[in-house]
Every structure is written in C-alpha cells, then in structure tokens.
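I have placed the structure first, in the form of structure tokens, so that the comments after it can refer back to it.
Going in written order, the chains are labelled A, B and C, and every chain counts its residues from 1.
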Amino acid sequence: MSPSVKTPEAKTKKPEDSFFKRLIRQQLFIPIAALLLLVVFNLIADPSFFTISLKENSLGNPVLSGNIISVLDNASELVILAIGMTLVTAASGGQDISVGATMAIAGSVILRMVCGGQITSDTMQMNLFLAVLIGAVVAMLFGAFNGALVAYFKIQPMVATLIMFTAGRSIAAWINNNQLPIINDIAFKYAGTFLPGIPVPTPIFITVLVIFIFWLAMKRTNLGLYTQSVGINANSSRLNGLDPKLIKLMTYVILGACVAVAGFIRVSRSGSINYSRIAENIEMDAILAVALGGNALSGGKFNIYGSILGAYVIQFLTTTLYKYNVPSTALPAYKAVVVIALVVLSSPVVREKMSGLKKRPAKTAKEVS
Amino acid sequence: MKKILVLMLSLILVFSLVACSKDDGGSDGGLIKVGVINNDPNESGYRTANDAAMRSTFTKENGYDANFYNNNDAAQQIATAQQMIQDEVDYLLLSPASTTGWDQVLKDAKTAGIQVILFDRMLEADEDMYVAAVVSDMAAEGKTAVDWLASQGLSEYNIIHIQGHMGSDAQVGRTGALDEKVAAEASWSYVTQQTADWSEETARTIVQSVIDAGTPFNVIYAENNGMARGAVAALDANGITHGKGGDVIVMGFDSDKWAFESVLSGSWNYMGLCNPLQAEKVDKIIKDLEKGTKPAQKIIYSDEPGFNCDTLTQADVDKFGT
Amino acid sequence: MQEGSVLELRGICKYFPGVRALQDVDFTLREGEIHALMGENGAGKSTLIKVLTGVYSKDGGEVRIRGIDGPAVIRSPQDAQNAGISTVYQEITLCGNLTVAENMYIGRTKGALTNWKKMNRDAGKILESLSIPASPTQQLGTCSIAVQQMVAIARAVDMECKVLILDEPTSSLDEQEVQKLFGLMRDLKKKGVGIIFVTHFLDQVYEVCDRITVLRDGQLVGEYVIEDLPRVQLVSKMLGKELDDMADIKGDSTAKVDMTETPVLEAKGLCSNAGIKPFDFSVRKGEVNGFTGLLGSGRSECVRAIFGADRVTGGAVKVEGKDVKIRKPLDAMKRGIGYLPEDRKGDGIVGDLSVRENIILALQVMKGFFRPFSRAKAEAFADEYIKLLEIKTASSDTPIKSLSGGNQQKVILARWLLTDPKYLILDEPTRGIDIGTKIEIQKLVLKLAAEGKSVTFISSEIDEMLRTCSRLIVMRDRKAVGELTGEDLTQTKIMATIAGGEAK
C-alpha cells in the first residue's frame, strides 16, 4: 500500500543522489526534523524537560509524570482527529472545520447517557461502552451529514462543515438542556486519566489502539487506494468502478468516529463539559497536523503517519511554550510563526529548491520515458 | 436511497435547530415588553445559571413579553440592541460583552424613552444613561478572597494564578486584588500567572506544565470554578494533595453547586461567591418602576461572601448553589 | 482592400512554444455573407478567432477592417469591439441574474448614471427589430438558452458591429432553437453584417452559409463558395485526404467473425443524458468494430452509454444473450467490459498514484474493498504487464504522471487487460502518442480479437480504423447514420457517409 512510511522514492533513487537530497525528499522529513529540533532545543535549554518520575496519584495509583508523558497524553485527541482529517482531506480535497464542535456534541451525548439525564451523578447510569457507542453513532451521523453535503450536494468542505462549526456547540448544549452535567464516578475517568495500577495515562493507550486499527485498515482494506484515487481523479475513479461520492461520504463518517473517540477522551479527563470551550480551535490544530505531515491540503496522496507525527509536533511545541511560561494568549502567535515556517519548508516548491541546492537538478522520472 | 438518507439527515438537523430556538412570538396587551441581551449561556456554569434565571423570570405568566438574545460578541449585541429599540421595547436589559461602545445605544434608548437596566456586567457610561445596574462587585470578590488567603498564615505563598478571559470585568476585578497583594508582600509570589480563558482544559494543562517543571507551589487561585476544577484534575493525576489539610490551597469563584460541594467535602479550600441570580432583583426594579417608584440606588451590588471549607454549611450550599 | 469585403486577414502567423498554430493564413469576409470556418480540432480555428479578437497577439501578417486605414491594431478584446468585431461564444458569457436590457448595455453606459427608461426602450426596439422573443425587463436567466444566445447577438449587433463571430453557437440548442438562430443570422446578413460561423455540424453549414474556409494543421486549405464544394470534398479537405490518394488498406480479419453467433453485447435503442439519439449496436466474439464520425458527432457518447459512464436514459442491453442493467461502470466491469476513455488525463490516469496502483486499480475495485492484493501480488501483476506491453518506466513505483503519453496509455491498457475482459472499448487509444506506439496498439487490438475477445475501436484517423475494424458505425450529429462492412469499408465510402446529404 502506498501510505506506508517507506516512500516510493527509496527505490527509484539513483546512486548519485546524496544522502541529504534523499532525506529532503522524504515526505516525513519535515515533521521528523521539527520534532528533532524541538528535542534538541529542550535538551540544551533545560535537560530536566525530559525527566520522567514515578509518582502516586491521589487514588494511590503509581503514575508516570513528566513533560514527555504530558506531550504524549495531551496529544491524544489531536492525533486521533488528525488521522480522520487526513482521510477527509485526501478524498474530498478539503477539511472538516466542525470537529471541535462535533466533539462537544459527542461528549455531551456521552455525558447525558452516563448521567442518566441528571445534572450530577455519582455513579454511571449506563454501561460506559454503550454510552460511548451511542456518542459514536451520533458523531458519525453528523459526519455523514457533513459528508453528504460535500459529496452529494458538492458544497466545498469548509463551507459545508461551517454549518456544524456554527451550530454544533449549541446542539451540544441543547442535548443536555443547557445544563453542565458532571459525573463523579471514578470509573468514567479511567479513559481520560489512569487505569488503576497502570502508570501510563490511558489516552496514550487509546491513541495507540486507534493508530493500530488504522494501520490494520491500511493493510487489510483498500481504504488508502480508494481515498487517494478518488482524491486525485474522481472521474477516473468512477470509470474504474468506484463510487467517489460514497467514498467521500465514508471518510467523513470515519472522521465522525474519530471525533467521538477524541470527544470521549476529552470529557473523560474531567467528567464534565463546557460547551463553548471544549476542544476550542482543535480543528485548526488538526488541519495543521495534516499539513505538517507533508500532505497536500488539496487532497490526493497522503501519508497518515505524517499527520500523526505532525500532531505530536504541535503538542510538543505547545508544551514547550507552556514550560517557558509563554502566556497562553500568546501561544497561537508563536504557534503560527513556527507553523508557517514548517509549512513553507514542507511545500513542494521549497523542497525542490532545497534538494537542488546540494547538487545539480534532480533527475525526475520524466526523463526516463 | 442515498439521497433519501441525506434528506432525512438534513431534516433531523433542521428540526433540532427549530426545537432549540422555539420562541413565542406576538405580544399581548398589558404585558411589559422587555429586550434581554446576554452573553453565551454555554460559556460557563455561571452564565448558564444566569441566563436560565433570566429566562424563567421574564415570562408571560410573570407579565412580560420578553425577547432574548445571547452573544459574546459586543458588536452583535449592539446591533441587536438597536433592533430592539426599533421594536420599541419598554425596557432594555443589558449584560454587555464589552465595557465600551454602547454610547449610541444608550442615547437612542433615552430618546425613544426606553429604560435601560444593566445586569451582571457594567459598562462605561454616565450614570444618567441607565436606570439601574444590578451587578457583582468583582473587585470586592477579589479582595474578600485575597483577605481570606492572607488569613491562612502561610510562611510563603507560591501561587499559580489562572486568569479568566483577559479584559473581562471578572478577570480585572479578581486579578487586581491579588496583583496588589503579591506586589506588596515579599513572601507572596507567582509561580505562574496565565490566562486559561475560562477553559478547564487549558487550566489543567497550565498546572500540569508547572508540575512537570518541578517548581514548588502551594496555592492555586483560579478565577472561576471550571478552571479550578481543571487545576485539581492535574493535582490529582500527580498525587498532590489539596484542600483541607492538603499541600495546595485551591480557590475558585462563582456559584456552581458542584463547586460548593467540593468545598464542603474539603477537596477545595475556598470559593468566592459570584451570584448569577440577578433576575429577581431586576424584576422587582421593573415592577417598582411600573408603579412609579425609582430604585433607591443606581448600582445595586449583590451580597457576595466567600465560603471556605471550615465554615461552609449544607444550608449555604442549598441557598446559594446553582 | 477588395471591393465589398469587411475584413481581410493576410498571412497571419501565430507560434506557441514548439507549435506553429497558424502559418500564413488568409481569410476574407465580405459584406452580408455567412462564412463558415471549418477544420478538425487543432486545425487553428480557435487560434485564428483569438488572434482576430485580440485574445492572442499575432506573430505575423496583417488585419484590415473596412473603415480603418492601413492595418488594424488589435491588442485586446476591447480593441476588437471598437473596431466593430463582436464575438458570441459557445458558453453564454452574460449574467443570468440581470435583465435582458441590462445585459445588452452592461459596461457600455457612459458615466455613473443610467437612464433606465431609455435603456429599456432602446433594448426593446432592437429586440423587436431582430424579432427576438424577449422583453427588456425580463431576467435573462428565465429565457431559453437560444434566446440568451440571441440576446448575446443582439448586444453584439447593437454595438454596430461589422463582423460578428459565432463560435459554436448551436451546440447547446435543439433543432427549433437552431432554426430561430438561423433566422436571426439571415436577418443580420440582409443588414450587411459579415458573419463568421464556427461549427462542427456539417448540415448547418450547408443550410446557412455562403462560403467556407477550411483550415488544417494551422494552414489554409482554401476558400470555397458553398455550391462548389460538395460535402465529401469538404470532409476530405478537413481530414487532409485527397480522394484520389485514398488507398484501400482493408484488413482481412473480418472472415473469422461468425455473425450468426449470439453477440457478446447487444444494445437496442440505447441513449444517455449526454444527448445521443437512441442507437442499436452489437459486437460479436472476436470482432473488432468501431464508431466513426467527426469530432462531436457522438461516437464517444455511444461507448460511454454502453459502459454506463454517462447516465443511461433508455434502451436495453444484452450481454451474451442475457438482459442486463448497466447503471454504473462497475456493472459493466462485472459483465466483463473494459473501457479506455478518450480523455486520458481527465478520465484515465490517476496521476499521483504509481504505475503499479494504476495497473491494478480496476481489478482491485472488482475484487472489493476488504480484499486488497498483497504488495507482492500487485508487484507481480505490474511487472508482468510492464514487460508484456513494454511500458517504459523507471519502476512500478514511479507516479504515472511522469510517464510519456504513450506509456500512460499502455498503463491504462494494462489495467483493462488485467481484468481479462470479454469486450474492450478503446476510445481514441492512439491520440497524441508516437507512431511506434500507435502501431503497437493496433497490433495488440488485432491480437486480442484473434484470441476471441471483442473490441470496439474509436479513432479520428480513418486509416487506423480501416486497418483494425471489420465493421464501422458512422455517426453524424449525435446520431448513428450508417453501418459499413466488407466491401463498403473504404475511405471514400466512409467520408461520404460522414458527410451525408448529397453523397452518392
């Protein structure tokens, strides 16, 4: 399958290509380089950044604590969203900007289920898995709504998802009658904090599981081939028997499932929800993660692992900035600067130039024919 | 088949939107026509309670023909206010999202003979321009809280200060008192002073990053309950004790029932009350005005004590919790 | 300038990088005549019009216009308009949400103020004088396409044009609407306007035009009075085959086809939303047949209907005697039909995907979403066909878009051969590829037929069709107008059928 870490270039390289040039051409070069840069910066500025200590949390469980754990933990929602966003981007050539709002909906539904409609509840009123499943179904329905607008009504993705972006948080509030439900059952918080006796935050496990599922899907299904084919040339895909509309719709439904998982983690961290603040602006970070991973936002070929790395880079950056006491209101500005630099660097134009710097112009396969 | 599915989905969505924006139109004779402009009820538990109280007070049964509008954007609020003046409401009830920019609205209202009553939030204008203001004294809330903190007699105050939305009335008032004290006392210092923009999630991240950095601290001064809750989540995750007898003093503001309960259970140390229930007072002012009685004072502050884990009683929780 | 001419082009040259788009072209338009500009695609018609209207700047030659002393300088469409040259394009370029009158005067009012009353009155007069059935205050979007087209012409006429260029104005009109348009053209002709008429429809040319200028490969073939140029002659001039030169090079593969056997595919009264008239069609085991006709005659639309690429609106299809419904390409693929589309870039290749992925795509889709080929299997397939068809590529991992046109076409061929179809449709498989590859593809087609597969072959080059096909269906104006087999398969006969009308 194409979206694998090994990019095709590896094989077509000619011996005279320098190591540097080969490196630059890798799609994953930019996110990996950015990650290394952040690591090196922190190593030099304050090596204690990487300390991980074993503590005991308030429930008496042993837990790991440290910046690195925080990065991995806090990036979970973003990574999961970035995976879904990559598929949507690939197939429909646009992005879903309603993921934050839909997360609020999914979280709201889950909380309503486990609270049994009450404002506060000390025990879960419904089986947690069932509640999450219902939340997932709702989020996937909203995903299908977005997907239908994009695929069948041919509305630009950003415009189509603007509807849910605007209305989503109100719908989330409406689901709970404008109340802020709180669940105090410690078991509900396992998914967002720690499982008893396990020192690694649960979101990290959930993220690994989601990545594994997608790895499997890439291997065992034609998800990659179909979405890329539709994103690159919908006409050709149709003439080869694919249903481009259905495939676009499918990617939005998959993103809906990702949103539900991310929303569940988010509400499970605290057992409550704040409709207008939960996962605010996360859609922008998710889109950035896709771009940072070297994926074209106009769709087509993608590398899902690039997006995952991109998401971790963004979280790493956020955590680093917090660590150096950058005011949280100024965070977006810093992020923007770094992100602009990275995105420009990962643009094909610049990379072409960079790989051309070292030696004479790269030979492309065009000359072969 | 697919098209039908799509259509159904669209319909479901439209219905749900209609359902949540069901408003009674039309005005009967004899009702007092009021326009209520408030902030987004989803912003915080405080605002939810505030908005709910307004909506349940200004009803037809209570003699009002009320029109509600919620937005956190002052420009939108101003546009709507102007519309309401056009519609010739009798009273304009205003919780402005920003303190400035309202001159024209107030002037127009005066010309049209519409009485303006501010609730919950102040704005910068001459006192003549409105009939009354039922508000919280944020600076007093901050002062009460800082005084209580000082009374704890710690040898050192290493404070994580989590601020609300910068520039808002509540943030300015609650930050002011603490800033003053920290500047004045040598033993008081900030470990970090950050805005979490009322977000629980951001507050958690800020506290986690302080913990990860290994800097010692013993006070968390969060400017609302939601952010205090986020901070506590980070403390719990790292096994740092807090509340009554714990290593870290946790302070929050507003009136959420669950927050009262946290204080009552000793998980938190302090909660400064910020009473969201101005509706009743506003209602009384209007009823009096209708009878021809003007309110005794222009600015009516709510009585807003602070509660701590040593003195809070269940009776207080039932009385003030929302 | 000659007596009576309104426009003269002399020795016009236009070069694009590597291409001589126009080479020494002369063109003369006389007062009150309708002059057809004919030629196959790429002959230089649109380039000539773009030079004339100032969209392109010419690289040589001169333009003379009545009323202007010396060579006219046309650097922009505005210049052309000022010189009295108006153009109405195939697509309506007016604003549907404005009124008819507004559309006629848009961009032409002087100053900031508009006298609406006067504008509507003037517009009304013009519409009346041209008997265009529209009211000045009507929204343009509510008029039929033909009326919109006419309003565009009225706008052009009102600008006091001497030369009116109509670029494929009839392609979206039905027959009645075409007649209305022709009526208008004849009126204008009487008023002394010179009209340049560009169209693919031969019947229309013979119905309304006075003169024909034929271009081929950027060069002038000649200017003819309509009575002197029978249709067959016109077609041969457009295609560049003088009748005398036409050699019969008919293949001898016809003999092997058993015409009594049940057809592999049989269609009755098939039509689609792409606007073709219902047609009958059948193909038998081992047979190579083809659709021929000028560009735009509907030959591609026919095969697209068979494959389900366009929405089928009527007709019945049988595959090996059994009734089938083909609603979408996958239905056709499952019946063993393959389709290499005409537009290689737009409909064929999936540009950023590798050669390997492009080769396995169709078979993979048929196999299903949950059953992907293993990497090794996909590579084996790709390598087999890269070798078989001698596809020149660095590796099977190379993105297909970096291959040459001919090799891209071979990859698409490989894609369909891999599905082992019973019946393969090849629409213009040889367009834009080098002569060597062309012959390879022709040989491959004959080889497939010899193996018992059925093939439908479409090409603009009649030679090629004669070399490969044993039966030809001739299309004209989106209608199947004839079927040629055996002795009738000669260039002469084909051209006569394409031309229709007076052909003997």
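The working rule: a contact is a pair of C-beta atoms (placed from the backbone, for glycine too) under 8 Å apart; a residue touches a chain by one contact, two chains touch by 3 or more.
Computed from a predicted model, the values in this text were never measured in an experiment.
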More Cb-Cb contact pairs, comparing A-B against A-C, go to A-B
Based on mean C-alpha positions, I'd like to know which chain lies farthest from subunit C. B
Find me the chain with the mean Cα position closest to the mean of all the protein Cα atoms on display. A
Mean-CA-position distance for subunit C and subunit B (Å): 68
Using CA atom averages as chain centres, what separation in Å is found between subunit A and subunit B? 33
CA centre of subunit A versus CA centre of subunit C: separation in Å? 46
Any idea which subunit C residues touch subunit A in the complex? 307, 309, 328-330, 333, 339, 341, 343, 346-354, 357, 361-362, 364-366, 368-370, 372, 375, 392-395, 397-399, 402-404, 407, 415
Residue set of subunit A touching subunit B in the complex reads 48, 51, 55-59, 63, 65-67, 70, 74, 119-120, 141, 144-145, 148, 152-153, 167, 169-174, 178-180, 182, 193-194, 201, 245-246, 249, 266, 269-270, 272, 274-280, 318-319, 322-323, 325, 327-329
In their complex, what parts of subunit B are in touch with subunit A? 2-3, 5-6, 9-10, 12-13, 16-17, 19-20, 40-45, 48, 51-52, 72, 166, 192, 194-202, 204-206, 208-209, 211-214, 226, 229-230, 233, 235-241, 256-258
Across the complex, what residues on subunit A touch subunit C? 1-2, 8, 11-12, 219-223, 225-226, 228-229, 232-233, 235-243, 300-301, 364-366, 368-369
